[in-house]
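Data first, discussion second: the structure below is written as structure tokens.
Chain IDs A, B, C and D follow the sequence of writing; residue 1 opens each chain.
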């Protein structure tokens, strides 16, 4: 039955692809094919159900914010991390610097660019890019993740707004490291090339309380997982997070590369890939497929028929 | 065991009362006694556990936003309601008009003042104040709820910012009724006098999927309940909603009268009353009691040890 | 020679009429004919030079802000007035409420709506509408100025944004009178029906240091005139004031009814009428006519060839 | 008589020194002695009247914005310059990036940091620092102006907010050169070490229509001078420009190093130095001395008793 529902969700999602647009503010992303749609579901018992373009590689983009937050929480601890970023939805676009200059020196949350850059500033003294790559591979259960050099170059060439955010954080003594190096590391993490399947893996580790379902190794503490999922729920889908929480009700994180990673408590990890985006930057096919799944399988956290 | 944990939570909450302050922007609220703290828990099986000042009456304030949203969803339907307000956390203070003038004509969500006033604009043609009072009594399982005339007068005398919000909505053709009457109805609903016990009742109805646990009558549809709880989770605790979601992880709504109403899926409704507030306007004693309960009883929606 | 230059300026201005649009946010203003252009110049020696539609009546709109400020300075004095409004260009649109809510409780200057409403709040206890009408007639040297009832009604029906501003000022205890009455008086003053000739009269009184050039009666003190002219220079042309100061360099005030009033130190008063507006709300024909006059007659205050 | 008035103005200004504070956001500036006050007046007939600390060197800071604007207007022309920056007072602090991100890609005017950095971006392909130093020496009639290395280093070390502004401009394709080099050139120009006497020289060249009063050489065109003086008048005194225009009525430009440069049409150039600043960043002693001079000598551009 999961198989049939997944297929129907994928077909439902495909109907919306023409309503969206591929990201083009990073030129290399503009080359993506908007007709792609992949859906992969992984369950704790080792089952994988998937449809469409699930082996197609694309870049992680904002989904790396989840990994960075998880790494920082593991390494630096809850209190340290949240003395550097807040936990509040910002109500603004992911790349806004408005609130940084008017409401708070600390970025509003780790899911906007300012927050992610600050989190990377915390990670940088301890982790080299290669360490973080290893961590991403492990947590996504995908050893083939590599740096997409072309996207990274494109990202770097057009990343001046992120550099502005970095220098603004530096001017407030919130970011303490080297601005250009910190932002460069962010660009690299955004440019890791993944698949819908890797995202289902990441979602599954989170759904499984931080423990790798195959080898039983604990990758993340229970507190880290709880924190990460809550912030995905409140802030994970750009400035459509609130609506997504109401309509879908699953902790999700999207990236402008076209990926969405979702994690359903104890039940499944879901990864979708579809580079046709809504006007907020969320995969339009992936988002609709998730809404379909949530409705049919009662995945909404406040669905009273759950479990 | 619930009894012991509840008592410990109440005692834990009391330790923080001295760190907060009573609301004073509405003069009548400034008369509240900051040492009050009441905690009431109601479970679907008809049990009530309570400590402290649970019979003390205080005014509903922003918690009425939950009731208004529920009534509007029941009466007007999901699509109509959300063509008038959005579902996004605003990242601003509850009484801000910033985003109304810069980001969107529609209020960001029904839990900020602009959103609540717009919701009441939707309700006003159908519901008189007396109808809404009946609805509040039913949904809170408390027939003794009445209008606190002194607070209502004080509210009305100092409510010019809400009138400004109303006229701004009117100028954008979002609010279509009479501004002063709409805002006046909002003041009345804010001034309904409740107890921690009434809030536990309201929380229980929501926890029970919208069905009155005693008489089995369905007061709210499943969709209404799901929507209301999601918006409480993302927007219910003023501009500390995000942090509260991470730390406590229960759908809650607070009011500057000192109340917090919380609803734990299938398990319990919780009401707290403590007029000593943190700087965002949330009861400092109630908030800490809830955090204690969440930790000890694994009530966080993303707690992997839940149920 | 003044005659020829004036005619050329008028003809120059007419070339731009098709690039603008009539104001339509107040429905009654939308009925204006965009091909009108009138130019009237009055000099201290009693000469009048005029072209085009100088007898056409239109409403004063924002130009009444100059009269209100002048009346308040005369009645309440410099210090009292500027304890209620500031003197800074706001950088925002004339009807913005942004800075009121973020930067300062006092309106930024008397030439934006918030500032004018606050000034009228100062005037209201002393002046009835009929008194202010008398004052406008005297200072414009035009006894035929009356209330345009149709525009006043239209203004009142669509004036909710100004009511919002009024209530916001009231909520900050800056405006102390009755909001709706204060705003109503503002609407009436905006709806006074004048001509390009009346504006030339007003400009001449200001150019003449506050003394009526015909009867020698002092209407305004030297300090009032200096203050009013400076604020016209820095804030008089909506959010194009800075550019107008650079390009034209004369204290001017425009209104969305299509009028511009200009005052050239010791030399002349100028009134223009042309309801075709640029996107900031300034008469496009009048503005260009003034730019022409300034260049040809060296009227720019920082023109080194002046006088 | 000019001598006596100047002395009285200087003594008047000294009374306010204790009400202000030395700038400390650039550490090196924090070392300035707040009791300094120098006043220098130069007239077109070659007379110099001066009191107090007129030979004390301090850094130009924001006053360099005037020189940069003048150089850009001379080199690139009016239209080119104002296709890169606007001419509107911003209503915000000099180092704000708010409007850049919300209202306009082009900086609001050349007197805020964003505008000055953009102007320098225009100058950089043509002028080396040494060229601009020569230009500053000529226009200030002071061959001893050099780079203050200590202030320059301090400026560079704490200049991250300006780098953020630079990158934000770059991200909008408004700034086209190298961000860090452009900002560095800005820091150097801010760090030129001048005296009150140099500022009087600069003010005199502007008062004299752009012609060096001693050797008769035209340094700036009439249009450049007119444009620069207008922008000084509307935007020269940080977010107190509007009030200064009303109270003093002379085109002025201040810098947080403690200098104010003023230019009185055809009559005089004035330079003041006093590092004790008001809360907006203007020399408190210099500002009051100028207000005194304006009142006593009728220097206000809208003073009807002028000339």
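We adopt the following convention: a contact is a pair of C-beta atoms (placed from the backbone, for glycine too) under 8 Å apart; a residue touches a chain by one contact, two chains touch by 3 or more.
Predicted model, so just to flag it, every value in this text is computed and none were measured.
Enquirer: Shared numbers divided by all numbers used: is that above or below half for chain A and chain B, i.e. same or different?
Expert: same
Enquirer: Looking at C-alpha means, what's the farthest chain from chain B?
Expert: Result for max centroid distance from chain B is chain D.
Enquirer: What is the distance, in whole Å, between the centres of chain A and chain B, each centre taken as the mean of its C-alpha atoms?
Expert: Between these chains, centre-to-centre, one finds 31 Å.
Enquirer: Counting only Cα atoms for the centres, state how far chain B is from chain D in Å.
Expert: Taking the mean C-alpha position of each chain, the two centres sit 54 Å apart.
Enquirer: Residues of chain B that contact two or more other chains, please.
Expert: Residues 102.
Enquirer: Who touches whom among the chains?
Expert: All touching pairs, sorted by chain label, are A-B, A-D, B-C, C-D.
Enquirer: So in the complex, the part of chain C that touches chain B is made up of which residues?
Expert: Going through chain C, the ones touching chain B are 96-98, 101-102, 158, 160-161, 163-168, 170-171, 179.
Enquirer: Of all residues in chain A, which touch chain B in the complex?
Expert: For chain A paired with chain B, touching residues are 86-92, 99, 103, 108-109, 209-210, 222, 225-227, 229-231, 233-235, 239-243, 245-246, 249, 251, 265-266, 300-307.
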